[in-house]
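Input: a single structure, listed below in structure tokens.
To keep things simple, chains are lettered A, B, C, D, E and F as they appear, and every chain counts its residues starting from 1.
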């Protein structure tokens, strides 16, 4: 009898708090978005599942001694996002960017979304109930970098409490890029601009692809060492792939290793989706500002591309500026698709890959600046 | 609060400045690097027909071996 | 000269204790069973090797600072068995069970082996020299679950000293399922019953396979959160496989990740095979009770299937009840084989897979109950 | 010792009870779920001919590419 | 303004020390050797990259809380080199050695390089500014084992400060085997000796290949338990491969697992390439002695082969003695190549594989002796 | 210093001694083991034609399946 009572007292039904119920619903919504809507499923499925697991009463899966508690060390120490960034580096082909280096400037412009939403977060402090520190604002702004591991790395250092909301916002908006970007791109460009065909790119030699990651690393070391962990691991992955002599390491980095770490990272991020941290006014602020960040980044990229087109000797289709937010390769595909609507023979995909991968560098640089200046 | 906003604005100015500076320097560096590489390590214009990737190449090898073996075994 | 003496004093020959010699023999026997008799080699080979390594005098491989000492953290924290369970989940197809849900009841009945051998362990306390606590008895009983990671997870929480013996017993008896089960199955059924042909199963839609793991998780959360770590990770693996949108994560979970963790887990389990813990009367008790548990579980499954056959509208071959102990897919194959002896046109394999995978759920549920009630 | 046995027996009764209860509820839940899914998300009766798995499909593709390439290279 | 100054103070340019600059140059040289000269790229690329990362000012990647700081635990605990050794074991085929067991003696002779350079290190203490302890000397000597994981394992236990230099020397000289060995081999043999053709080897049964790693382990346990971690993991990998019943574990051990660990190990070794430890007279001593060790080991192997040829009933080509240093399979290929120069129909490759893999055992044995006697 | 050299020399002598001893015992052990294995577990002289490795064997299987499938699909 005593046992029956103690068993009843150990059920979830008896112990649920409303916050846990709500967070579980959030977890199931993330699973729905991942599976049914195909929203960045590789991340949002483990994140959603982690949210569910960590909000189970009694089980304590995210508390000391639980699985997610241990996995979270991988985020706290920065190991998981850095390993993922290495894998992403190994998957990245800098060829299109090296063929047309000035597209790097588009990747710079699109980072305006980061700083604009940082300011936005500070401005939101005027709303009663919201109280973002400079660190919080910086962590929120990085959503505008449209790069998952960078956002998680920065948030885990500057504002761990917002990590869950920031990761969810970052991956959700990346999945929404095909919805968020086109209206902005159309609004800021004329039909004629969207029809602009770009010159066929030169082919890039293997030697250039090998030297580039080292050059990128060197510049980072000289100017912005606080970005060195991120850019360093990215450059390592890229070099392993480009050099061709460590093929088995490169393959493992971009397959098994990144898969294993993705599962762990997703679950660990999910463990930060607890009621205490997530069910706050702040979260709404994060979600709103994340969308703003993407929109402003897109706009800044397009406008910069228009300016460059005016002064460039070779034509530049302003649509590829939108790809500067990164969200590789989704944003480049969006630029291609919007371009095809105006000119069915105009394939912008390769041209958009330049600013697209430049955006990854740009947001890692911005991350380094934030980590260095925001104390 | 105004102080915080001031910090934010300063951060934005410096931040975007550095981002542009950094990527602009990278553009310059790439241009120099590419011209150096193309001058001193000219390459036959990439692989002329990268129609098929490495995996398929080894497939071709594997298949020809396999087919060979298959014939030997079954004749 | 001094060095020669000190070298001789550092040899294994000089330092061996009889317990270490005996445990090494145990390790070699496990290797023999794994390699020559094909007894669950994926686990028993690393376990046997771990047993040898951890009993080497002087080397201290299982002591603080040694390799197996570090690997054991993966068991102590529950990480290794949970990751293996995730991989097993990803490999499991619930289709046959969803097509014929009432076979779940067979998976419930077969868990009787767990509780019967728990009682048996307590009864054995009457034997002088044996002294099983309730925790020990619960950990021994779980052998009857016929599921390796579940047994290791429960034993590591309730009775770490018995972990080695329990893991060895669990995997050995799983390997012996083709010997243990058939006599019991034949004894409890008539020739006519064994000839029963079952109705062709309906096909199960992808949507059902996606919803099921979530439903299973939800029920666990509501009723038995102490089973949530096990069932949660199992459901995660199953969902990753069923949903089809994270194929690369699912493949990694059921291949490289589970392989890596299996090597580590096996070695770490082996490190618990030391003379101090293993060379006790208790170990004989564990081995005896493990066999009893399998036998009783098999019998309970068959008897329940006979009862269900009597009351069911569609015929149920009682042999498939034996598959309820889990030991996937061995027990289902045994049911199929014994069925074919009586009726060479009667393929029970798919029908037995239902109770077989239900048995995995059943033993995880039983594990949750034990973890929750045995303090 | 008798006390311990009593605990054990109680554990067995409660344990088997919960196991049956849990799995019986799962049976009910599956039945409801399946009928809901079949009503609201009817599916063409699974994949009609899953004779060959995905790997083989990509094999077919790979082989046809490879053979094609092989011919081009060796003619 | 304040921010601009603080940003300038956070650049690498402002913070560089000359030691860091120099160590980065070392890192880039290692990358150059790896990529352009194909010097053991699987290790030297990550090591070189690790050297660069760990010497970035401000970033603190190798300091507490940084990525390389955490990865270094894998070396400190011995886990990484042991896992790599397991993978190497799984890749090793003892067939040629079992077919001609007396070649093991060649693998023993070549270890003379280890002890000779150990003595050399102690002798170098006569040079002002050099001060090698017995531990340092032993760690330096092990370079002569021509086996990366063994060298890293021993150095991490005996002389962690020299680890970076020792690992770099070990892998560099392994890459230089085709340059270092041939002159020595030619100097010590006559044209007629190099022409010697060896008898076709018998085929080795699967049973022998299964029993051998266990026998090797047993002998190690009895005589030299301090070598048991190394030889044990090596034997485990070899057994997993030879037995054929755990194919999926063996494949993972020799592919994904070893690849992942290689990346981590390389980066972690690189983190020991800091100015403080590397920019010492000692490093020059290490590099010089490493070359000496390889040369002496090669010579000892060749001379022993000449002696054996004189007393053996079947002819032995002295060139295969050089393969006894290990450096698998490079040294065996060198023996084959030098042999072909004298006799274009003389394929020594398979005959040289015997001493080659014997050399791995030999250096692991020597490692055990050093770990046991050098306190 | 001389003391250190003495330790070194002693270490060398003992070390090389043990290495030779160990590997010599291994030679003996292998010879015994091989003759035992060959007497009690004689094997058909290995695989007679290990010309092609396992992967290729499964390739042959996979290809024949794939080709079969390909024909069925495209006729």
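In this section, contacts are C-beta pairs under 8 Å (C-beta built on N, C-alpha and C of every residue); 3 or more make two chains touch, one makes a residue touch a chain.
Computed from a predicted model, the values in this text were never measured in an experiment.
Q: If each step moves to a chain the current one touches, what is the fewest number of steps from chain C to chain E?
A: 1
Q: Could you name all chains that are in contact with chain A and with chain C at the same time?
A: Expected: D, E.
Q: Hop across touching chains from chain D and tell me the fewest hops that reach chain E.
A: Step count on the best path from chain D to chain E: 2.
Q: Quick check for you: after a Cα superposition of chain B on chain F, what is the rotation angle, between 0 and 180°, in steps of 5?
A: 120
Q: For the interfaces E-F and C-F, which has the higher count of C-beta pairs in contact?
A: Most contacts of the two pairs: E-F.
Q: Averaging each chain's C-alpha atoms to get its centre, pick out the one most distant from chain F.
A: Max centre-to-centre separation from chain F belongs to A.
Q: Quick check on the interfaces: E-F is repeated by which of C-F, B-E or A-B, going by over half of contact pairs matching?
A: Answer for the repeat of E-F: A-B.
Q: Which chain's C-alpha centroid is most distant from that of chain D?
A: E
Q: Measure off the straight-line distance from the CA centroid of chain A to the CA centroid of chain F, and report it in whole Å.
A: For chain A versus chain F, the centre distance works out to 48 Å.
Q: Starting from the mean Cα coordinates of chain D and chain F, work out the distance between those two points in Å.
A: Centres of chain D and chain F (C-alpha means) sit 40 Å apart.
Q: How many angstrom between the C-alpha centroids of chain D and chain A?
A: Using C-alpha averages as centres, the distance is 33 Å.
Q: Between chain C and chain D, what is the gap in Å from one C-alpha centre to the other?
A: Centres of chain C and chain D (C-alpha means) sit 20 Å apart.
Q: For chain D, which residues are shared contacts with two or more other chains?
A: Within chain D, the residues that touch at least two other chains are 11, 14, 18, 63.
Q: What are the residues of chain C that contact at least two other chains?
A: Residues 3, 7, 223-224, 256, 369, 373.
Q: Which bits of chain C are touching chain D when the two form their complex?
A: Per the touch definition, chain C meets chain D at residues 98, 101-102, 104-105, 107-109, 111-112, 114-116, 118-119, 122-123, 125-126, 134, 137-138, 203-208, 211-212, 215-216, 219, 223-224, 358, 361-362, 365-366, 369-370, 373-374.
Q: So in the complex, the part of chain E that touches chain C is made up of which residues?
A: 77-79, 82, 210, 214, 217, 221-226, 228-229, 232-233, 236, 239-240, 243, 245-246, 248-249, 251-253, 256-257, 369, 372-373
Q: Give the list of chain C residues in touch with chain F in this complex.
A: 3-4, 7
Q: Where on chain E does chain A make contact in their complex?
A: 3, 6-7, 10-13, 15, 24, 28, 31, 34-35, 38, 41-42, 45-46, 49, 52-53, 56-59, 61, 65-67, 70, 255-256, 259-260, 262-263, 267
Q: Where on chain D does chain A make contact in their complex?
A: Its residues touching chain A are 10-11, 14, 18.
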